[in-house]
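Provided herewith is a single structure, encoded as structure tokens, for subsequent inquiry.
Each chain gets a letter, A, B, C and D, in the order it is written, and its residues are counted from 1.
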Amino acid sequence: MQRILDEAVEYARNFLHQGKPASYIPELAKADPSLLGAAIVETNGSTYFSGDFEKSFTIQSISKPIALILSLKDNSENFVFSRVGMEPTGDAFNSIIKLETEESSKPLNPMINAGAIAIDSFIKGKTPDEKFNRLLKFFRQLSHNPDLTYDHDVYRSEDETGFRNRALANFIEDAGILLGDVEEVLELYFKQCSIKVCCKDIAIIAAVLASNGLSPFTNNRICERHYTRLVKTFMVTCGMYDASGEFAVKVGLPAKSGVAGGIMATVPDRMGIGVYSPNLDVKGNSIAGMKVLEYLSTRLDLSIF
Amino acid sequence: MQRILDEAVEYARNFLHQGKPASYIPELAKADPSLLGAAIVETNGSTYFSGDFEKSFTIQSISKPIALILSLKDNSENFVFSRVGMEPTGDAFNSIIKLETEESSKPLNPMINAGAIAIDSFIKGKTPDEKFNRLLKFFRQLSHNPDLTYDHDVYRSEDETGFRNRALANFIEDAGILLGDVEEVLELYFKQCSIKVCCKDIAIIAAVLASNGLSPFTNNRICERHYTRLVKTFMVTCGMYDASGEFAVKVGLPAKSGVAGGIMATVPDRMGIGVYSPNLDVKGNSIAGMKVLEYLSTRLDLSIF
Amino acid sequence: MQRILDEAVEYARNFLHQGKPASYIPELAKADPSLLGAAIVETNGSTYFSGDFEKSFTIQSISKPIALILSLKDNSENFVFSRVGMEPTGDAFNSIIKLETEESSKPLNPMINAGAIAIDSFIKGKTPDEKFNRLLKFFRQLSHNPDLTYDHDVYRSEDETGFRNRALANFIEDAGILLGDVEEVLELYFKQCSIKVCCKDIAIIAAVLASNGLSPFTNNRICERHYTRLVKTFMVTCGMYDASGEFAVKVGLPAKSGVAGGIMATVPDRMGIGVYSPNLDVKGNSIAGMKVLEYLSTRLDLSIF
Amino acid sequence: MQRILDEAVEYARNFLHQGKPASYIPELAKADPSLLGAAIVETNGSTYFSGDFEKSFTIQSISKPIALILSLKDNSENFVFSRVGMEPTGDAFNSIIKLETEESSKPLNPMINAGAIAIDSFIKGKTPDEKFNRLLKFFRQLSHNPDLTYDHDVYRSEDETGFRNRALANFIEDAGILLGDVEEVLELYFKQCSIKVCCKDIAIIAAVLASNGLSPFTNNRICERHYTRLVKTFMVTCGMYDASGEFAVKVGLPAKSGVAGGIMATVPDRMGIGVYSPNLDVKGNSIAGMKVLEYLSTRLDLSIF
């Protein structure tokens, strides 16, 4: 397995020069495009690492399935999906069109920004700080990493330049979807996106999803089986932005990518995978990261289809 | 003329029970639906009033063509129309769709909310207060009413519940259309919409437009001929929200309506008309107000077509 | 007047090298881009011609307001506008989007292709031939030209390559808007678009509109005053495709353009104008043709605003 | 297994009174809503049947993944996916919007009507008859049923009333996506949709997909492994119209439904399932059919997630 992982990383290195880092905030734009790391955590607890697997980056949209689980723990499934849909969309992650043309203004699913912001507004807590601390604690549990925290500079930058997300949040507040104060929800959302992780962290989280909610190291249950299945489904149908369909065909794994260059993929009952490389394609997915996953999927016959 | 105006108001009274006041803020919802007023100011200075012509209401969207003139005075025409288009739209006044589907994210015209917010962001002034004071001064000049001011309660209410406008403003900020700080621009926009006027005030403003920028009372030039023609054109193609086409067919006058129930109409070279009645149809136009205008247009053969 | 018209044509000659002819069918693409003609017919019967004013071209979309009048003569106004709307649209002339997003699938207005095809389906006649002959007869009456006929080659070419129009027609048939057989209606529509006219012909038709339905030569009534006002209104709000707003600002006249390079403009109570030059801008309007109209509007103060 | 299948059918019987049959053509509207059948074919060749499993119905959209495989056999994968996308869509199956707003006018995926019509136009054959015969032969191979044929009445009815599909086909012809003559492609498409099958037939086809292209009875290879994986992926992301996301969450199987009431589902490496019941929900999926699949998925833990 270690050899195959190293091969995958070597293969992906050929694509490091393609694409470019996200540029909407300076903190992401200045990422080193030569970075490439990968981690595998099997459901039996075996771990394999390669390249820059300990290099930290902000989790960004990879946080969406995890926040969804906490939101489902805090509310009934019916409540959550009465306000956010379950359907994939052919539109871009930050699109606002469907909010207006769909009768109910319901965001189509929890993986697009509008849906993820709504999901965050359902998380319980008396104060904004309490909400974020509950969320952070849950991320730490899943990653088995008690040191996870968020990047203040990235958070501030997201907050200062997050006009599109502010537009989405105000739109769904107007439509009666969002709960609570718009700016407080955005604070939570921007902090969540700014949590710093490395490949190892997200591979461990993915391994928990792969084992249907059990810790790969202690076998203790960390979250409900049903919720892990739910989020894996969303990861297949809409985890890779509007390239989800193509990724399903080529790799065939539940996966979620983030604009900092990370991708978290999960192989049901077998393993969690974390990859990182900052250069993105036009849809916002890490190019070298996808190449690592393509290689592994083909070599190890991982596709669920 | 006085008799015809009275007849028009009598005729329109038959429609007072239809529709309902705007309900998005409580201040508008509690308007008395039996109110109906009308005023005519001829370009030679003759004035005719009928019904509740001195009853004040907030100007709302009727302010858009006026703010556009000030914005054109403050900037080059090229600059303004490089950022806001000139085309009518079949979408609702608060629609966000075209901002996303049009290549440039340019609001289609200065009469829809997104366009009007952009237009406000171009108005000059060192501080938000200075900008609003310049705007208010211009409204006072045009209306020949030095006492015009804004309604604090309506302003606060607009500000507190203006999620859709906040969504639009953040969207065009993200697209690089809006100049300056989003919240400061919204403050200006909400205050402008909250300026209190009566039928007489808007009839006088309309008379200035009718006489191509001259005061109907003193014959002094108040604004440039070219700008008055520009805004009259926009009033025809997009002054009555997405009922502008039907209004052009039925009444045939440059007009601008506001959700508080006012409509300002102008008959080139002849007169300005102001009407007010709070009950609106589904497109957001005053029902009895439009009936007054229909009556006058037919009776006096006012259509420009 | 003759001198001013000649000046307008001279001025417009400077823009002959810009743009290019319509290319969707070979017959249009091979038009000579150096052609430029203009005609003015005053409501008192005086006529002025300049340049290639007798050169014939296919009428294309300029036929839409005329077919609308015949459709209104054949049906009640209520019927027609229950199936086709009155609102301008910010979308392109051949757009299909609004048909799907608007609740009723009603084409937004009679000047876009979907609306014009629906309008044609309401024209009376026992057979397709009878319908077209009635339409052609009406065109001949309005133009005072008994020799008007259609171009077989252009018709055949429109028919063979009219996939987008076929898509629109089938869409509105599915929505229950179109009356009768899709292919028969398309035959009528394509023949109508292929009628050959020259600047003189459309200037005469425009003069009939300018004089509210009377012949400029005999003063006989050719069509109802009300219908001429209706179509002039549509010509202002949506006659120049999605450049109608800008044209209203710059020229300020009811006008209808066609992709063969013709534009028919009307100055209420004063004159009809016909211009022709094949090179189009990206919106589909004749560039030199619009320059002639801009010159005349400024020089003679023709704007209705 | 037989007992579990019978239980599933019994359970689903409780939902027979909900929904109604497709009504867009009379032939479908007159289906008996009390019908309910199910079939399971394991990859080892074992078969289990229950209810009206031999009752025939038209295959409708269930034919789309099968026609896609033939189209992929006839052309390079690159060619096919350069003209039809791989992405799920939140729009309805017969939506035309994305064709206009997406830059390339590429249908988003091969499971929506526009995409399926394009896919059919790529199938090889000298004449329309030869194309359909090749397609029918392939359906017979996959279903191991040499008697499969199409329903003439349904075909004629589809053809006579298929205005929306005609609109889609003409639109993609105009965009240069469709190959060949529009009417010939529609003939092929309508005939394909009219092929008569029973639950047993589609369970066998699904079993071939489950075993990656091998016959469950003879173990002979019928189609390429790669193509079976491709279509299973599309079945997950867009097989159940715009309820695909919810179905993935609740059932978690690659499946394709048709408006006649059939659903074909496949459990990788284990079995093919065919269900049939005519009453549909608003998205166009068989209500009782989905209940059978939900029961089986839960009871036998079939979800791929």
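Just so it is clear, contacts are C-beta pairs under 8 Å (C-beta built on N, C-alpha and C of every residue); 3 or more make two chains touch, one makes a residue touch a chain.
From a predicted model like this one, the values you see are computed outputs, not experimental measurements.
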| item | value |
| --- | --- |
| Distance in touch steps, counted as few as possible, from chain A out to chain C | 2 |
| Maximum centroid distance from chain C, chain identifier (CA atoms) | A |
| Computed distance of Cα centres, chain C from chain B, in Å | 32 |
| Chain centre separation in whole Å, for chain D relative to chain B (CA means) | 54 |
| Mean-CA-position distance for chain B and chain A (Å) | 46 |
| Residue list for chain D, restricted to those that touch at least two other chains | 101 |
| Chain B residues within the chain C interface of the complex | 85-91, 98, 102, 108-109, 229-230, 232-234, 236-238, 242-246, 248-249, 252, 254, 268, 303-305 |
| In the complex, chain D residues that touch chain C | 95-97, 99-101, 163-164, 166-171, 173-174, 182 |
